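For reference, the structure is listed below as structure tokens.
We call the chains A, B, C and D, going by the order they appear; numbering starts again at 1 in every chain.
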Amino acid sequence: MSAALPREILICTIARLLDGVRHVAVGASSPMPAAGAMLRRALDDGQRPVRLSVLGSVEHNFFTNGSAELFDSAGQGRLDAFFLGGGQIDGQANVNLVGVGDYPQVKVRWPGSFGSAYLYFTVPRVILFREEHSPRVLVDKVDFISAPGTSAPGVYRAGGPVALLTGKALFRFDKARPGFTLESVHPSHDLDEIRAATGFAFDHAETPAATPAPDAATLSLLRGRVLDELAETYPAFAAEWRSDLAALTREGSPA
Amino acid sequence: MSAALPREILICTIARLLDGVRHVAVGASSPMPAAGAMLRRALDDGQRPVRLSVLGSVEHNFFTNGSAELFDSAGQGRLDAFFLGGGQIDGQANVNLVGVGDYPQVKVRWPGSFGSAYLYFTVPRVILFREEHSPRVLVDKVDFISAPGTSAPGVYRAGGPVALLTGKALFRFDKARPGFTLESVHPSHDLDEIRAATGFAFDHAETPAATPAPDAATLSLLRGRVLDELAETYPAFAAEWRSDLAALTREGSPA
Amino acid sequence: MPQDLRAMARRVTPGMSLALPVDYAGVSMAMTRPLIEHGAGGLHLVCVPTGGLQVDMLIGAGLVATVETSALSLGEAGGAPRFNDAVRQGGIRILDATCPAIHAGLMAAQKGVPFLPIRGLIGSDVLANRPDWRVIDNPFAAGDPVALIPAIRPDVAIFHAPMADREGNVWIGRRRELAAMAYAATETLVTVERIVDRSLLADEMTAAGTLPALYVGAVAEAPRGAWPYGLWGEYASDTDELMRYAAAARTATGFAEYMAGFMGQEMPA
Amino acid sequence: MPQDLRAMARRVTPGMSLALPVDYAGVSMAMTRPLIEHGAGGLHLVCVPTGGLQVDMLIGAGLVATVETSALSLGEAGGAPRFNDAVRQGGIRILDATCPAIHAGLMAAQKGVPFLPIRGLIGSDVLANRPDWRVIDNPFAAGDPVALIPAIRPDVAIFHAPMADREGNVWIGRRRELAAMAYAATETLVTVERIVDRSLLADEMTAAGTLPALYVGAVAEAPRGAWPYGLWGEYASDTDELMRYAAAARTATGFAEYMAGFMGQEMPA
């Protein structure tokens, strides 16, 4: 089997971060988190049921009480993991989904906070996921706090950020400090590059670990069952992935 | 057409009290209020739709959001009229559905307050209906206030009692005073009897009016369409009524 | 199948709070005998929003410490005799409520909030006897007192429904108080008339009335499992049987005799 | 039928608040043209809980004073161009919310209470920019701040659904946010794919997904009335058309050109 694609390493990392969850929800346009959740479910097959809710999907929607039910289930403690992106994410894990500049008349307006200002407080394992790893995304301080990374003592906070995954690296979040620690660097990236691309300070080992590549069995599961399943909901993403795999096979083949 | 039966006078009185309503709800075991509401609907046919909800009924239940929907619709101002009984009703229109004696270890326990402590505040036209007119029911002061007849200034009170109908008489409730005024006495009863049977003081004219008997058209509607409709939900009550009508016809007939 | 019911009953441990539905919404009468046989006592029953035969039987069997309800009766068959007797004897704690307050408490649990406000109640003895409720001044309009009902989070909700599928999804139709109970409860145990092979979520028509398996801890088949109550769209109440119970259970002896029959006939060991 | 839509649009008067559903729940795109033709402006739009094409068109047409929403976008087709432009220009007032806060406000209206509490929000700039929201200390546990969302009572709710019957009952399936909007709103206007002759309340299966006529002010038939959005169980979104709009509406001129076509093609006079 050929070496893992960068996106496959991300998906396998997501699946690892989801170890042990019973119910994970992903946004409507989030093929990678969905793939990670599907891989988690495939890996746990026969041991533990993993429920996946894809917001706005008809196929991956087992809710029957309208769009409020996701939030209700989080409030009840029935949602273990969720993904948040963010136009800006800062070193305190504050997330900005609203815009750049002075609110409300921002220079750049993004869609809005969606459920972040609630789910960040109620879902135990929130994974910050943003492929773009640049100083304009990973800022020192967000312009608008859609959802704060930490809360003052006494504030109800059953959930919060556990990790930040980008196209270059994986960080763990330490809410006591609070701040991010570089956990691992993805293949073909290095610490200097990550330091230059990150607008906030973070802890790191002198020589950070490399993000592990999936083993052959996992990769096979991913490219088989998971890719097929993903194609039902994200056909364009799955097709692009398949085409990259085909290219990889051509390159790697002796012909 | 023969003279009206006592229960027909009550039903016609209820229909009169419901003049102008769009939506009325009655309890599960309340054939007379239901008949009054059905008569109201028949009288308003073609002019104004009158919706009737019979709690616990499948036929007369247009709700689709469980048993909370009745209360929600009342909170929204979509329920115009409701009936309350009461093991005890006092001169301030306080209602007791819980029991006689010292709470909680009451000597006589009734089922409980049901929705009264809410609907009495939110439904504009609450009709107190209790056939038994005796000093043990119509008391000076209830032993337990399931729902108070009036509220202090500032307390949200969109609804409340408008009338008390018994087997002997009809009272209007004046919330400013507060207290009951005898509006009319049913045929074959008189003021002295009502005074003796009522445990609270009430205002009255020197010679109280008689509760009007229905005109022939109303009576015909009642004994036709309304009785047929009622029989679907309250077969035992309808059968008894039909048998009384048959007896009345026999007595009244020349044979 | 009887084994299923017994296994479900064993999930109830002493002192738990149990949410049980109103007579006409789908009472799992089939669970009554296994619960009594299992014998977990000191229960806190939450009637959603009123109770009847099942609650009266559990009280009569001595398993109930507290009843939280808006009313308790046998409907046309009259008052609930074992409940009324227990109240007179002071044998149970009664938390009198009003229907929408029960719904509000469950909704608070559904929403994951500590309380829900409710109109009405002020000046009633229902409120006066609930020190666990609060009255605050409406923070949006001074001089407007409003009652707050704390979240009701039952340990277990138990009900009966027409059907479930093999994944544990349960069709509750428009009896959405059953969903409300399940959302609020930690775990939900369901008996059904029948288990179907197709997924209830596979088409939008059945999905509209389905409680997802996410909320369901266990399902067991129990045909006519609401008897002597009826089940909407399936069968009517057996009023004669309710009357028979009402007459028998007026005394402790009569209740014991009735229950000997009830416990014997229902479910062969 | 176009007359029906125009008559419904006339029920909207200047300055009203309108509740509109999320993209995938049943947007009555068929009402967009009649609303723009009718021209009632100064609207307060409440997106339940997010908005898209319809909201962007109404903003572009100059009918909107305020948007209350958790997000506004065209999904896969990107940002909502007229909204983004209006925000930059300061042309509309934006009330940024979070999804469950919109649901909480509607639920408060449904329950007839002045507010509902909600977890989260504390420390966010969403809360900091909503002086109409409050934070109180939980009356049941000191030192526990909790946010309160006041009731949202829209004047009119507008949505599209698969079917209605002749009595005005509307089948909404499991899209219960549509019911939540209707409960909260004073009046609800509905377009449907088709009107059926049988009563939707006549059997328990269809009744389970039905919004009763009690909440419905008017219904009109509008086949493919969600287009270019999809309708669950009926047809998929027309992403190409959304992309076409997204590209055109980047400028005011492009928007005007697109709308000339949209307003012309949809509904012959």
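To be clear about the criterion, contacts are C-beta pairs under 8 Å (C-beta built on N, C-alpha and C of every residue); 3 or more make two chains touch, one makes a residue touch a chain.
Every value quoted in this text rests on a predicted model; they were computed, and no experiment measured them.
The chains that touch both subunit A and subunit D are C.
When chain centres are set by their Cα atoms, the one at the greatest distance from subunit D is B.
By count of C-beta pairs in contact, B-C exceeds the other of the chain pairs B-D and B-C. For this pair, subunit A with subunit C, the centres built from the Cα atoms lie 41 Å apart. Centre to centre, using the average C-alpha position, subunit B and subunit C are separated by 29 Å.
Mean C-alpha position of subunit C lies 36 Å from that of subunit D. Within subunit B, residues 63-65, 75, 122 each touch two or more of the remaining chains. Residue positions of subunit D touching 2 or more other chains, listed in rising order: 107, 111-113, 118-119, 144, 146, 174, 179, 207-210, 232-233.
Taken as a graph of touching chains, this assembly fits none of the simple shapes: it is neither a line, a ring, a star nor a complete graph.
Pairwise, the chains that touch each other are A-C, A-D, B-C, B-D, C-D. By the touch criterion given at the top, residues 23, 51, 62-65, 72-78, 122 of subunit B touch subunit D in their complex. For subunit B in complex with subunit C, the residues that touch the partner chain are 28-29, 56, 58, 63-68, 71, 75, 97-99, 103-107, 109-122, 144-148, 151-152, 154-156, 158. Touching subunit D in their complex are the following residues of subunit C: 104, 107, 111-119, 134, 136, 138-141, 144, 146, 148, 150, 172-174, 203-210, 232-233. Across the complex, subunit D meets subunit A through its residues 22-25, 48-50, 69-73, 75-76, 79-80, 83-84, 87-88, 90, 93-94, 96-101, 103, 107, 118-129, 143-146, 174-180, 232-233.
The touching residues of subunit C, counted against subunit A in their complex, run 109-113, 169, 179, 183-184, 201, 207-215.
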